[in-house]
Each structure stands twice: as structure tokens, then as C-alpha cells.
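Have a look at the structure below, then the notes.
Chain nomenclature is as follows: A, B, C and D, assigned in order of appearance, with residue numbering initiated at 1 for each chain independently.
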Amino acid sequence: MSFRRRLVAEGLGTALLLAIVVGSGIMGERLADGNVAIALLANTLATGAGLVVLILVFGPVSGGHFNPAVTLADAWEGGLPRAEVPGYVAAQVIGAFLGVAAAHLMFQEPLFSASMHIRTGPSQWWSEFVATFGLLSVIWGCLRSRPETVAFAVGLYISAAYWFTASTSFANPAVTLARAASDTFAGIRPVDAPPFIIAQLLGAFAATALFRWLTPSVSEHADEVVVRHDGAP
Amino acid sequence: MSFRRRLVAEGLGTALLLAIVVGSGIMGERLADGNVAIALLANTLATGAGLVVLILVFGPVSGGHFNPAVTLADAWEGGLPRAEVPGYVAAQVIGAFLGVAAAHLMFQEPLFSASMHIRTGPSQWWSEFVATFGLLSVIWGCLRSRPETVAFAVGLYISAAYWFTASTSFANPAVTLARAASDTFAGIRPVDAPPFIIAQLLGAFAATALFRWLTPSVSEHADEVVVRHDGAP
Amino acid sequence: MSFRRRLVAEGLGTALLLAIVVGSGIMGERLADGNVAIALLANTLATGAGLVVLILVFGPVSGGHFNPAVTLADAWEGGLPRAEVPGYVAAQVIGAFLGVAAAHLMFQEPLFSASMHIRTGPSQWWSEFVATFGLLSVIWGCLRSRPETVAFAVGLYISAAYWFTASTSFANPAVTLARAASDTFAGIRPVDAPPFIIAQLLGAFAATALFRWLTPSVSEHADEVVVRHDGAP
Amino acid sequence: MSFRRRLVAEGLGTALLLAIVVGSGIMGERLADGNVAIALLANTLATGAGLVVLILVFGPVSGGHFNPAVTLADAWEGGLPRAEVPGYVAAQVIGAFLGVAAAHLMFQEPLFSASMHIRTGPSQWWSEFVATFGLLSVIWGCLRSRPETVAFAVGLYISAAYWFTASTSFANPAVTLARAASDTFAGIRPVDAPPFIIAQLLGAFAATALFRWLTPSVSEHADEVVVRHDGAP
């Protein structure tokens, strides 16, 4: 796969992911008659199902990261060449903002609007640490012995994490930045984004270090396994 | 498989799909006590689960298209012989109307009734473009490397698309026509159907062109892969 | 597998199926605060998930029928020896009643109680015909080319059928009889049971005849395929 | 896999399981506006999805028990060496309490707090017997012929069992103890825990004895199958 094709896959996949997260949040809130749990159930269903599909579709092309935390961890493990990291991250961030705009167009919202949804404090940051620690644990754990399950495992994990973390599990720096530009159900105040991203990167780092010890065979062969198989081998 | 058997499979599968979409819409609305989100959750669950099953069951016989946009894209890629396209589309449309009638009979509604559900405007058309672009991306993307996942991926994708598009993702010209004949939860005004269908065909065309570039190996072998394996190989 | 072991598997599996259907109906209704759609969503989730698991667990032992309509269709296709049909059906019916009693014990209801839930009229009977026609189509269709998907397909199909049929899809004579002995959410008046059962058997017969023509290879090898592989090969 | 690594896997997996169960219970109750069925639907979704993922991730390392009842049954069948049972159980119990604390931190609750949620009486105990009998039946039944489905089957089974048992299916002594330390949606009074645990162990014993007779091939090879393959082979 040429680098250009992989960047398009990362960008388009992240755009669709954000369209799903933001769009289903708007739809859920509009229809749920004020019951936030029902809105979040709809948001969860759409995000979990969508993630499985996006990793199945784009995983064979680019690895299906859609997430700078995953890209960095992959490069740290020797999977993605470090020189390709900036391109991947740029494609993810640009794609994420385009996805937000696409969703806003569908629901007749302004293309971008700074969110006023407050998400701050140590409990929220701890939630993001746990959420991203769990996400990377799932990726490294499944890649080790059953790589064909990664897409399903990631979708199921995020479905659970929407509910068991107090922050509804952003677990993704590109997603966090783009959701700051959406004053809707899924939004986050721009000022609250940086600590979220720091907590996410720490969680990703901790899980990667732990699984390097827990299942060493992954680390040794990561360069072969991840590039070719991450997502949907 | 003889052409006659494949036409019966396309017709029966599309009929069951419409019975599921329309029937579960009626049931959801009747039971949901006015909460539209709960009705749509039920509608989503039934449609997503039903699609997976129908593609598993009829895919090995006819490809499990149930959708003129898929049939046209498949023929364009060199899968289905062009001479068979009219037969497929006719079977899908006839099956779709029979499925609507079957659902109406179960729920004591008139066999057919023109819908009065307004679904119009650029946001709705953009939603249908995105919805069908996504559907064809899922089909071409999964067929490339993991064809055995297509049935699951399509069901999961439509479950997400019911929520992340403002139109609840018709994404299918035969379904659109038949839902115009159902003045129930799932209906669409007959006058609103043509722009929906145009947007769907444009979305299908865009995704097919993109994946021809993004994953060229699919296109080259599409004639072999699609006819035998689309859906449930 | 000895006949005795297979009878225990059919009986225990059907008992657990009824415990799931009746128990989750009671729980759903008690917690849903009068919103029937929410109660039925819970009932659907439990039944669909439970069916997949029960077919995976008991399918390799007995075929995982849990349903006289499936047993009769299987014998008609030359799968199960006809002499074993009465034993299978008896085990299913006895198991079904035991399962209802087990659920009633969990929820502090009387062991058995005649249901007063009215379910009658041509729309309901047509619904049961469609529901069982669909169920047998799913079984024969999946067995033909991807038998390892039968358990998942049946669970997903019934999840959809709870919503797209007006009768909430009993689709099973043993289940129908036992639910007549439960005056709870899932019940059916004893007097309404016989027409349900007739409609179910007609639907099962129609689907089996259709798939004998549509996918003849299944019929020819049914004796080998079904006995060993139905459910979870 | 070294014993130390397996203990870390059991402890971390059980911690994440409890964080999921308790965290999603708190989130569900806070958002559901007093509708307990909606809160339990969210709790079910998170727990079922989370269990599948945790068994996929940690199963290849430690077997993915997270449950003293499973560990004891496995040792009884000759799977886990008996000398390792105390270590496994200790890791599970310690992990469970850490997981409760992690969830409480995310949701700004005190680290631990004795639950006041009454769960007692013969119906509840019978529910726990049935719930754990079913869980062990699922594990032994799936291991026999399709071990790669165990993770999915366990997640689906618990999703059903949350609804069809009157106790919402604890089915796990370590989970029961730790939930006694959480005065939230998922809690149980400390005084109610011991009879729950006794019922769970009896249910696990009954299912293991039954499947030893029903599918003898499992028992004979259990020492090979379970240690290497339980969860995610």
C-alpha cells in the first residue's frame, strides 16, 4: 500500500468515525425527549457498531488507527516507521474535523462551533487515563493471539467504555480536538481538551509498557504484525 | 445457481427486509409511548440484525444485494453481467412492495397507503449521499480482504447509519420506493423519493470510484469475487 | 451421542430457553415503568443472546432444536430419524414447562398460572406463519453454505422477529404451550395456543419446501449435515 | 506463561470487570431519570461487551477466569493445578476490590462504602444457583466443540442472565464480595453476600458434574484444553 493511499484511508476513516460520534449524538439527543441515558444508548450503539466496521474496512489499508495515541504506541513498539507518524497524525486530525463538519451539515448545524460542554477535573482525567489504558490493552492483547478479533474487540470495548468511565471515554486525541468544535451532545470545551489528551497519552503509554512485559511475543514481532494486520488481518 | 433461483432469492430477501423495516417501525412506534428515540432503537435493532441474517441466508444464492444501488455498482465493477441488472432490479422492487404489504397485513394496516412523512431538503439529500457512500465503502472494503465479514459489517453499518444520518439512512432505491407506500413510522412522501434515489446513486458511484483507486485488487478480481461470494462466501 | 444424552440436551436447552423468555419478560415489565417498548427491548436482548448461547452449547449434542417445528422439518428432510421425533418433542415440551416453573420460582410467581394475555385473529396467525417461515428459512439457508453461523443467525433473526411480527414471534409450538402456563408479560391464553401452533407448522413446512427447491444441495445432504452440525458444527 | 504473569492477568482482568460493572451501574442510574430498566439495559450492554473483550485479551495469558467459581471448577476437572488455586482466587479478589475503587474514583464516590442494597431470600438464592449453573454450562459446553466461541458466549450469556434471573446474575464470588463494598446501583449488602456465594458454588458444581456426563470428551482432555485455550484459544 502506498503511503498516499494509507493517509487517505486514515483520514477518511477518522472522518466517518467523527460523523458517527457527533451525528448520532445529535440524533439521540433530539429524539430522546430529555432522557440522557436513552440518548447515550443510541450514541453508544452507533459508535460501537461503526468502529467495528471502519476497522474492518480501512484496517487492511492503513492499520485502521484513526487515533494518534494508537499511532504513537504502534511506532513506539516498532510497528509504524517513525517518519510516517506526523503524516498519520495530520491525516487523522484533518479527517476528524471534516467528519464533524459533515455531521453538522446533515443536521443543519453551523459547520463548526466551539463546544460549551464542561468536562474537567481529576475524575474526568482519571477516566480518560483508564479509558485509553483499556483501549491499548485491548489492541495489544488481541493482536497477540487472535488478531482477527481486533475490530470486534475495539468496538465492544468502546461500547462498554462509554458507560463505565465518567467521561464517556474519548480515548483519542484527534477525536477530542474535533469534538471541541461541536457544540452538541458529544462536545467538549476547547479549554478542557489538553488535559484530556495528556491523560490519554499517559494511559496509552502505561498499557503499552505493561503488555510489553505481560505478552512479550507481541513486542518482539510487532513490526511484522502491526503494519500488516492491525485492525483486520 | 439458475437465474430464476437468484431472482427469487433477491425478491424474497428484499420482501423480508421491507417487512422487517416497516413492521418493526410500526411495533416500535405503537409501544414506545411517544418516545421516538426508543421507537428508533427498536427499529435499528430489528433492521441491523435482520440484514445480517438475510445476507447470510440469500447471499450464497444471489449475492444478497436487495438494493439496486448495489446491483448497479456490482455490474459497473464487472461483477454481475449487465444483462441481468434489469431482472435483479425488478425482483428487488417487486419484493420490496410485497414486503410492505406483508407487514401491513400483520399490523392490520391497509395493504398500501401513500406516506405523508416529509423527508426533504439538502440536509436530507446530503445524508442519503453519505449513507450510501458509506454502505458501498463497507461492501468494497470488506470484500477486498475479509469477504466472510460482509454480512456482519453491513448490518452493523446500517445500525450506525440509522442514527448518524439525519435521514435515518434509506441508502437503497427499492426500499425508498416501497417505503413511500407505507404511511407509518418508516414512510417517506412519494414526492420526496426521487431526490433520495438520486443522492443514493451518486453516493454509491462515488464510493465505488474511490475504492477502485484505494484498493485496486478488488476491482481487478471483482468479477470472480462478487458473483460467487458477495454477502456470505 | 446416545439418545438419552440428546434428550437431556433438548430438554435442558428448552428449559433454559423458556426461563430466559419468561424471566426476562417479568423483569422487563417490572422495571420498565409502564413503557412496553423498553420491556420488550430487554426481553429481546435476553432472548436473542440466550438463543445464540444455547445453540452453541447444546447444538453439538442434540442439534439444538428446542422446537418441535424444527424437529419435524429436520425429520422431513431426512435429518433426524423419524422414530426419534416423539422423544425429541416430548423432551422439548417437558423442558419448556420446567423452564417456566424455574422462572416463576425466581420471580416469586405461582409455579404455573393460565395466561390471560389475548393473542388471536388473522393478523396474529399470519404473523406466526411469517415468523416461523423466516426461522426455517434462516436455518436451511445458513446450513447450506456457512453452518457455523447458524447459532448467531437464529439469535439475530429472533431478535428482529420480536419486533417485525405483530405476535412478537413465538415461532415454536413447545414455547407456545409453555407460555400459556405463565400469566406474565410473555404469556398467551391457552385457547389462543392451537391456532398459533397450526400457523407455525404451516410456516415451517412452506419454508422447508421452498428451500428444497431454492438450494437443493442442502436437501440432498441433509441427513449428513443436520444431525452432526445443526447449531454449532 | 509464568505464574506471576498469569496472576497479574487475572487480577487486572477482574479489576477491569468490576470497574465496568460498578461504573456503568452508576452512570446508568445517574442518567436514566428514574427508569430502572434503562439503567439496567446500559449496565447489561457494558458488562456483556466488556466480558467478551476481557476474555479475548487475558484468556490467552491466564485462562480469563476472573471468577473463583470457574477456577475451582477448572481445578476439579483437572485443568488448573490445585496448588495454583489459592493464588488465582487471591488475585481475583484483590483485583475486584481495586476495580471497585477505580470506578468510585471516576465517579467521585468514596473509595469503598458498605452497600445497603438488600438482596436476600430463597428466590434470590435460586436465581444465583441458576445463573452460575448456566455460566458453567456455557463454558463447558462451548469448550467441548467450539472453544473459539467461549468469549462471545460468556458475554452473551451474562447479558441474558442480567434479565432472566431475579438477582441480575452475580454468578461470581469475587464479584459478589467486591460489590458489597459499593453502595451504588450494583451493590449488595455485605450480610447478603455469603448465601449468594454458597448458591453460586453449588450451581457451578452441578453444571460441572452434569457436563462431565453429558459431554465426557471435555472432561477427559480438560487438562489440555482448559489451561491453554479457556477464553481465547
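Annotations for the structure displayed:
Here is the rule we use: contacts are C-beta pairs under 8 Å (C-beta built on N, C-alpha and C of every residue); 3 or more make two chains touch, one makes a residue touch a chain.
All values reported here derive from a predicted model rather than from experimental measurement.
Here the chain-to-chain distance from subunit A to subunit C, counted in touching steps, is 2. The angle needed to superpose subunit C on subunit D by their Cα atoms is 90 degrees, rounded to the nearest 5. Because subunit A and subunit B share one sequence, their contact can be compared position by position; here under half of the interface residue numbers appear on both sides. Per-chain CA centroids place subunit B at a distance of 28 Å from subunit C.
Among the residues of subunit A, those in touch with two or more other chains are 35, 38, 41.
Subunit C meets subunit B in the complex at residues 34-38, 40-41, 44, 48, 123, 126-127, 130, 134, 137-138, 141-142, 144-146, 149, 152-153, 156-157, 159-160, 162-167, 213-215.
By the touch criterion given at the top, residues 5, 8-9, 16, 19-24, 27-28, 31-33, 35, 38-39, 41-43, 45-47, 49-50, 52-53, 56-58, 60-61, 102-103, 105-108, 148, 155, 232 of subunit C touch subunit D in their complex.
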